[in-house]
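Look at the two complexes coming up: chain A is in both, with chain B in one and chain C in the other.
Our next item is the complex of A and B:
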């Protein structure tokens, strides 16, 4: 169409395949640039400014970062957020795997979507209400204590059920369950069943077939599940606020308090930027180290394997030492920047040089 | 592993998954002011109390306006983007689509405070439409995921045939493509509506003095005497979400049937 019309370079470019694709994707892209990328850039900028009573001092400074990194309160909250998110991720993924496996391998094809639908329904209902219900369930006079007392297991209600980090882990693990099942299910569905038959025909036991064929092929799904659960849980606000008490407060609560209660937006921005950076570094570190570990494990045998096992322990100890002692020796910002740089460079080196391997991590 | 223990595990898993939601109506219809067992008896008082709370009616209206606008905007953006992602190759495709899908994994608190800081800096007061902006941002990835499913299930040769037979591109889209993806569009509208209706963090940060239903509910949680009413409101919200989901699922399946495919999975 329109062949006879004089075409200039632009309209020609717009009618090419790439041009059409870019034109179509541009509304959503521009929207995301304006409402996501630009605001994120602004909070990074804010993190280098300071709040001076009602006005914002627009002078570049690292003061916020210095405060955020030295005040033990922020360090505790950050550490707790990471470890709670880590526990939630471990619990959800480990519990989700058998369910995803059952649906993919044992449920008849025409019933699969019903199972998936049942699993996703709770996810689409109000998050706030689900979290609040856990507060009711774990409460002093709630059903858990009531049932245990009814059966005579305990004489008086357990006071430690609610308002602590454990309650936060239970609630978040429940809330994020479907997130973990779906990616693992998708990965399991993609596995060619002929591979499993081949493994059995060649004499592998069912357990070894699972370990050496199914599990490695499902790893991309497991990894996706880890990312989808870990990142949002680190920044969760509602759950720690409703069931966490003072012992279960997380970094998002502090970010909120800085912005709304203390009216210190730059500090809130700093904490948000730090949280995102630490999450990104932790994930990239963990993924690269797991890949390296699996790769070395497959190559080295005998006593040397112990070395492979010891390496991550040594590295964690080294990182701990740098975080603990580094600031005193090299200064706070240089030490932590150097650590972040080292983690980034070494991880990138591993990710580029070590092949994905059997486990496709 | 054999089927039976796995089946039992999966069954228990579902049971635990649904346990909190099952409690909700129990307490909403319970004739007692304390949220605790044993149950006291049946009552509709808490639902009646919802009717004469004017603040709640305002919040409901706000939520409906926001949810409808979000559904329309997110589905429109998602429609174009999903079409681009399934049908065309273009430079940086992975990066661009990945970036648009980013709100799916980003903590909502981060999205909310960055939007809030920008709005406060420009001097715009938070209100209904700022929530709509935020909700559209986080709903678009879901719309894209659903619509990508519909587009990729469609047989490309149908469109090619229409063009070969002399139809224009726009005519092809209107007469061939659109009818085939309509069920996907309906499913996307319903899902985005549900997400917006239930979303709390962005609404909480950006609401100003125009609370949505979840923000109103959050305010009520502080008052122990209001908890049974909260339970009644929660029951209605959850029931509404489940009904909308079921309709969305029906449309999704209808779309699959139209495309002549067998059903293999759920949303996303």
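Our next item is the complex of A and C:
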């Protein structure tokens, strides 16, 4: 009898609701642990080691971080990655919104799935081929230049179409469009159409109804689209490599170069960890500040509102000062750790204490 | 009514493709009136309400509000406000923000707007709820918010699209009385859409009964109940028994209409008791359950008597409904009796005497 009890306990645990849920997710969970969490841990570990020609020195050191944070090359690449990803996100979301809006509001219900299917058609070709196609389209002797010259708009082919940051933005915005359209579409679909009629009935024009009802209620979808587009594009390296030229090189290209060209895996790992940390901190900072700002904006009126508006600007200036001057005064690592800590703590405080506003942020 | 009605509906037609939803609706709704559109689902009552609100274009005819043709006027420019069936409370706004939604364009100071919102919430009994999130409200509270949000704009006409259908019975009865009180208090014209005949009778000054895109009868509740214009209206409003009848060959004279009613016997009805033209031959007579009186004391004198057998008893507490087959009638009729103190219940199979009054009959030819 005694040896049957653990079996009973186990089968009982597996049959409980929580146990059943765990059983259900376990294949994915094990997969994720093995192929995401474990490699991530290895990368973090590598980032504290150093490369000594062909061997890796397995001694804990912050040397890589010191180099990565002081060499202006890395800072430039990181800054450029974030600004290119920011531009891609802005362009993609702004162009995706009208498409999602059209499908949700103007396409007949029985045709909607057909439209969504058409939108996913770009996924039928590989990502790489699509990037290559943009290279052809934007080329010096490509169709864009050809058409413009054919119509006599320009005499010389435009040299600035390809191999720069703009080309990267165009290519990535095209690649990520479906990812932005779908969450926005879902959010728009969930809006009860009676709410829009209620707004009209209460005296608002179609334009004001959009601003006061549709847009706030679509914000969760927009926010999801922003995250879905921003996070992968920061780390993209195929597109910058193929259409970016030297002006469009991003941090992921440098990570690639460190690991495969320069054979310095620890340095590549360090850059990867730093990139992840910076993106995470930037997003948490941005989301918490937008929430605080919207919350205060709804409660304060008149001149005080300008002060609320100015607060994030002042904070950006302060962060910039710490990044610029902090290392010289407090030392590199303490200054940056303190900055990261301050951002984390203040953001967490805002996110936990300020309720979600009408824009669901 | 000497003044022109506030809302004039003239020959309104509505087609959805081939489907003829409204078939020549003509009606006038007076200022300050509580007007109901009553009918089964699919009769076009909601379509008509939405046409008044401006959410449906009409195919023909016109709608005038306060003498102004509403053709092509969008909902936001009409002097009407609508309480939606789903209430359509904005989920991203607080209760106070919902109520104040329509005040954005009003030329008032922020303090005045806040005061108006407070008063509107007070009026519907939600004074303390202004700061609440809209999604944290119960069904009845959402309805009050929807009412306050519409009434704060002081519309000429308040349109209500089945506002009580989502509430439970107790809450619905309470809101019926409250809506009526509110309407008297603010003096605004209310146009209510409902499929619940009892609700329409309780609340309305006048009711338009609609079937299949047409108004079957437009009358005050009492007239509608006492003198239904057709068998269909009689059946829809309250309960009505129908007995086969024969209009005499001597037929219609100045003195009235001679009718032989199965189960009740021969009688003479006034021409006002027959909607439409009476002609000799087979007809039907409608009689309400409370118009047949059970004579618990056989000796009670009664000018008109009938006899019948009790088939079924349904006890409601305050009332009892008896299913009684009258002598000479092909099927049973419903008879209601108030359960007064000391009055016994009839038994099944018992033979009873009933009194009736010719003036309570309606003849359908």
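Quick note on the criterion: the second predicted complex is superposed on the first by the 353 of 361 C-alpha atoms of A that agree within 3 Å, B and C clash if a C-alpha of one lies under 4 Å from a C-alpha of the other, contacts with A are read in each partner's own complex, and residues count from 1 in each chain.
The rule is short, and it goes like this: a contact is a pair of C-beta atoms (placed from the backbone, for glycine too) under 8 Å apart; a residue touches a chain by one contact, two chains touch by 3 or more.
On a predicted model such as this, the values are computed, not experimentally measured, just so you know.
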Which superposed partner A:216 touches (first chain B, second chain C, both, neither): second
Partner chain in contact with A:288 - chain B first, chain C second, else both or neither: neither
When both partners are placed on the shared chain, which of chain B and chain C touches more of chain A: B
Which of chain B and chain C A:50 touches, first, second, both or neither: neither
Chain B versus chain C as contact partner of A:198, first or second or both or neither: second
Of chain A, residues touching chain B in the complex: 1, 17-25, 27-29, 31-32, 35-40, 42-43, 46, 95, 98-99, 101-103, 106, 109-110, 112-113, 115-122, 124-130, 132-134, 136-137, 139, 141-143, 146, 174, 177-178, 182, 185-186, 189, 206, 210, 227-228, 231-232, 234-238, 242, 252, 255-256, 259, 265, 268-269, 272, 275-276
Footprint of chain A on chain C - complex, ascending: 53-55, 74-76, 80-82, 84-86, 88, 90-93, 101-102, 104-105, 110, 149-150, 153
Complex interface listing, chain B residues touching chain A: 1, 3, 6-7, 9-10, 13-14, 16-21, 23-24, 27, 34-38, 76-78, 80-81, 83-85, 87-91, 93, 96-97, 99-100, 102-111, 113-118, 120-121, 133-134, 136-137, 140, 144, 168-169, 191, 194-195, 197-198, 200-201, 214, 217-218, 221, 230, 234, 237-238, 241-242, 245, 249, 253, 262-268
Residues of chain A defined as touching chain C within the complex: 192, 194-195, 197-205, 208, 212-213, 216-217, 301, 358-360
